[in-house]
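Scrolling down, you'll hit the structures one after another.
Heads up, the next two complexes both have chain A, just with different partners, chain B and then chain C.
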Partner chain A sequence: MDISASGGVRSARERFFRLPTLALVAYALVLPAIALRAAFVIGPMFQSIFLSFTNKNLTNEGRFVGIQNYVRMLSDETLINSFGFTLGYTAAATILETVLGLLIAMLLMQVTRFKWLTNTLMLLPWVMAPLLAATVWKILYLEDGGILNELLRTFGLIEGPVRWLSSPDLARISVIVTSVWKNLPWVALIFMAGLAAIPGELQEAARVDGANPLQRFWYVTLPQLRPSIYLVLMFRGMGEVQTFEQIAGLTQGGPGTATTTLAVYAYQRFFTETRYGYGSAIAVLLLLLTAAIGGYFAWRLYKANR
Partner chain B sequence: MSGTLTFRPSLLPRGFARQTVLTLLLLVFLLFLAFPIYYMVITSLKTPSEAYRVPPTLWPQNIQFNAFPYMLEAWGYWRTLFNTVVVAGVSAFISTVLGGLAAYAITRLTFKGRTLLYSLFVATIAIPGMVTVGPIFLAYKDLKLIDTHIGLVLVFVAETLPIALLTLFSYFKAIPRELDEAASIDGSSIVGTFFRIILPIALPGFSVTFLLIFIAVWNDFLFAFILTASPDVRLLTVRLFEVPSPGDINRIPYDLIAAGGVLILLPLVPILLRIQKQLVEGILAGAVKE
Partner chain C sequence: MTIGLSRRSFLKSAAATGAALSLGVRTTAAQEAARTVNVVGWNSPDHQEILLNAGKELGITVKYDVLPAAWNDVMQKITLWGQSGYDGVDILFADDLIGGLWGMNGWADDLSGLDVSSKVQGDLVDNIAALNSAAGGIYRQFFLLDAEPFYYNKKLVPTAPKTWDEMTTVAQSVTGGDVWGWRPLGGNGHAFNTVLLMLNQAGADLESLSDPETLAALQYMYDWVQTSKITPPSTVNEDNTTVEALAAAGKAAMWWSYGGSLKNVPSIDGSTLSIDDIGVARYPAGPASDIGLVHGWGFLSPKASANKAAAHELLNYLGQPEQVRNLVLKTNAPPPLKSLLADPEIQAKVPLIMANGGWENTIRGAKFREPIVNHRQVTQLWTMIDKLGAYILSGQKSPADAQAWAMSEYQTIKDEA
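Right, the complex of A and B next:
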């Protein structure tokens, strides 16, 4: 991230840019952004961590209870299930989005027809609120008299109605499909930009050496695309692990607790049951997961870019 | 496919059927993207009884628009739309300006702790909204900021600053530093350089950043839902949860829900159609690889 220029101007400019007043101007420019971020993101994060060590709730100011909330998690079956579901959901949605997004990006670079239509249709799910996307899919998933079941029946693929949202296993898949639909366009856009940045000579050289398309994909495209792949895994991984809106719109965590993500569970404890201490502890667990995913892929991205 | 320098990797061998297969695959993908939206739109045009008909119809038998005036009335749509445009517009404006100033300082000026500040700022992206919304809610209760637009704007500015910073960062980096140097040699101050050189060149970047944030606020549910309560204050997306069910309360009014969805999506569509290319550019700029 060294952005100093080279050449003769450098020393004069460097001196100018290092004047103490200049540093003050710089701090003044950065300050409002930092202050707001500190007040509304970093501060509340520390408050959440602090709350997670108390038993505060709506009627009780609460006192310090050490790691009691965290110990309780170990015997909270709903929490264990939602932790597992959050991990599985995140892995499945992120991997599906990455793999399909890459294939679609390659497809879109091959077929140059319908460009305007393609761009518009790609941006529509992207521009939709996650809650709206969930609502749209909820209409499709309607079990008795829903269009998805009707289409499948017409093509003779099913007999009775598929329980898209009322069977626990299928509900888990249905919420993943909704998320993939919503986020696939963004992933494909990132990969298209990544693919466009790969020098064409490499591909030509591999072809001349007699590599078949699959080998060229594996040995030329994928390694060159590593930064884009880590970028997508980082942003989508962090996005999926926090999933709240899709669940709120589609299943509200059900049936039972089958699709309760950590974010949904934290919401239920904190806001519905007003158990601020335990709710915060679940939120902190989510924070650790998000930071781990973001940190890991940021590190891989950093290494891939060097 | 050869002859161009653009890299177009493919898994299929070249041959007679290739273009056909690829076009078919593209059409399947487009259908997958479009169908849910198509079905929402036509559901909003169905009569309440047709919205429940088994088997469901792929095209409304009697197109009617009754769901729309009903929803406009039930939601107090114009009031909510006004709230949403104001809150999203003000938040996006402030966030773009503050993010722009910070991005300018970080890309252009040398000062102690610059890299550290930038890294820390970017690292805070990993803090989930669900972690911060609880304490904000409790603080807002004490400060009487619950159910106010000022409270929402403050949170939205803070939440969207990383979008502004990352997007504008990459727009600014693309502007050659020789330009500011020339300006500073000509005696232009830092602030003068920003307004005379950077701002005009990066103006498209600023407008795209504004729109990206505007859309993000428009679509937010978590904060907008938790920090507001009354229909007069609430923003559009949240009101998807407030669709009335006239008649049989056990029947979910799909035609009305679909109409509500259309009313939320529709105002954004002109933006998509008019500045498609710039939006994509902005999306990519925000995903800068740092």
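Right, the complex of A and C next:
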């Protein structure tokens, strides 16, 4: 009784002292990470939001101007075009990456020999630095003496050069192609993991029930892959909407402003023109757009996992 | 023999010795720092060597650091230095953009008071004198002056056209296959110069861009690609390296590039042109004039410099004609001093100064990108003019729409000042 009583007292004491101590240790361990995040992510983010309500620029210390920068966006033709292009670019690139990524993943899952080789080759574009990828594609797209034009010319498919990067419409397609090429391996990798996790019994049961390959894909594979699909859509959607390096390396937002994404435009206004107030307002718009895309697909992913 | 030394007197003398030693060290360190000059310049061993040798001559320690490789990085770094009053740079290599940014925002010393400034004043080429006058001070001590000359392939165009209209006609007559009549620089930030060339030649009001002359210049540029088709649409992506390679391949009848083009084009592997095949001329005249553009690099003295006396001593030395001559010979670019134009060694190294009836003829009246480079918001204006070129050369905006955009942008920049 005594023992039990003393034991009970001891455990209560232990609970009293140990839990807060453990909690303190835990907090102390994560504190550096929180501090770093606050210093390098959250702090600058709030600073950007604050700057977006000022007219600070290189020669002007800046003063509070309320929502003036945001109102100005409504009549900024370049911004409106960039916003439209960013949405179109994000949608096109994300959809293409998802569809083609799934297709490639399914094909690669059939490979039984030299799997290491096919996987390595597939992953090469993904491990390439974005600016390097842009440079490679710039060489391919060169209009005078570029590899693509020379190939097309050799096969007699064209007479004059294709204006890959100097025709506004073609340039938009060219940057999307580059982005898809670059990010497809990651998507395929995620889908390969998703496909591998689908229990073989499900496919087997469907086959026994007489389902053809298309039906098995539609009624078994696709529903089982739903979490992977939302994961891909979330990450690629957020990634594409913030695309900067590939565009900067390929077209610098041109010709004219045809391929200027919000990220490129924010960079131009903030860094090149040193218009910190307006540049920050564009960055905040981009942040909201990214959060909206990420938030929507994260919610769908959460629901798919339940 | 014993020396009577109490503990008290020992401590006193030790303290005195320590103080004397540490003060001495500090004084020496301070003297050394004052005789050290931090230079930030090109990634060029030749320049570094000249600066280091100059330092040795004067008993000054020169610490040479290089500018970042990417231009955007350069601008961000030096803008931050200027804004924050960074005192770690005593001499900065500066082009027109950096010079304008620092000079007009009060971050650079006015070097008018240097002995060498008054010594070479009368020897400076007129374009530099005009820039200094427009800027209201001497913010750079120039060590080279380059230009954006008009070049032509003599095999395709035997004589240079004299007017805009004539240029279009000549260009149309030779355009075909892979050959384009006129290849200006339109990409990677070079459209800025193309636009300014045409605005100047049209007689546009660069303070507002709202006049009919501005529209005429934009229309002329628009027509190159869209109407008269003497320039390929790819011009929006072409910089000096690309245009020079295309000229070397015989794919450009006329082009503009920087001063080095005359030597670069024949030296490109497989070039179809020798230096004698390339003509240099004054620009075909627009409605107002036939003037071109010049640009230059010079030494700038940051106001926040912590070692100003030694830095100015070095600048006084480097600005002497014989030192400028050394720099010119290493750079292979035209000199900023008239007296050096007659130097046979420089003439041999820089054949451009002998072309077109002499360098003074080529650069006569050429502007230093005023009033952009003598404006506090030089960066914003520079970007705006470059974007204007991108809109026009890509055909994304009509000349009227592009002008309206530029006027509105100009107004915003002025309002933000």
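A few remarks follow.
In this section, the second predicted complex is superposed on the first by the 285 of 306 C-alpha atoms of A that agree within 3 Å, B and C clash if a C-alpha of one lies under 4 Å from a C-alpha of the other, contacts with A are read in each partner's own complex, and residues count from 1 in each chain.
Just so we're on the same page, contacts are C-beta pairs under 8 Å (C-beta built on N, C-alpha and C of every residue); 3 or more make two chains touch, one makes a residue touch a chain.
All values derive from a computational prediction rather than experimental measurement.
Shared-chain residue A:S167: touches chain C; no touch with chain B. Of the two partner chains placed by the overlay, neither chain B nor chain C lies in contact with A:Q68.
Using the contact criterion defined above for the overlaid structures, shared-chain residue A:F271 touches chain B and also reaches chain C. In the superposed model, A:N57 makes contact with chain C only, not with chain B.
Looking at the shared chain after the overlay, A:A26 reaches chain B, while chain C stays out of its contact range. Touched residues of chain A, counted separately for chain B and chain C, are more numerous for B. Looking at the shared chain after the overlay, A:E143 reaches chain C, while chain B stays out of its contact range.
When the two structures are aligned on the shared chain, A:A196 is found in touch with chain B, with no touch to chain C. Using the contact criterion defined above for the overlaid structures, shared-chain residue A:A258 touches chain C, although it does not reach chain B. Within the superposed three-chain model, A:P44 lies in touch with chain B and out of touch with chain C [touch as defined at top]. Within chain A, the residues touched by chain B in the first complex and by chain C in the second are 144, 271. Put simply, chain A touches chain B in their complex at residues 1, 3-5, 9, 13-14, 16-18, 22-23, 25-27, 29-30, 32-34, 36-37, 39-45, 47-48, 51, 103-104, 106-111, 113-114, 116-133, 135-137, 139-140, 142, 144-147, 150, 153, 181, 184-186, 189-190, 193, 195-196, 198-204, 207, 212-214, 216-217, 220-221, 227, 231, 235, 238, 241-242, 244-245, 248-249, 263, 266-267, 270-271, 276, 279-280, 283-284, 286-287, 290-291, 293-295, 301, 305.
Chain B contributes residues 1-2, 4-13, 19, 22-23, 25-26, 29-30, 32-37, 39-40, 43, 52-56, 58, 98-99, 101-102, 104-107, 109-112, 114-115, 117-118, 121, 123-139, 154-155, 157-159, 161, 165, 173, 177-178, 181, 184, 190-191, 215, 218-222, 226, 237, 240, 254, 257-258, 261, 264-265, 268, 271-273, 276-277, 279-280, 283-284, 287, 289-290 to its touches with chain A in the complex.
Across the complex, chain A is touched by residues 72, 75-76, 79, 83, 101, 105, 178, 187-188, 232-237, 242, 246, 249, 251, 376-377, 379-380, 383-384, 387, 390-391, 393-397, 405, 416-417 of chain C. Taken together, the chain A residues at the contact with chain C in this complex read 55, 57-60, 77, 143-144, 161, 163, 165-168, 251-252, 254-258, 268, 271-275.
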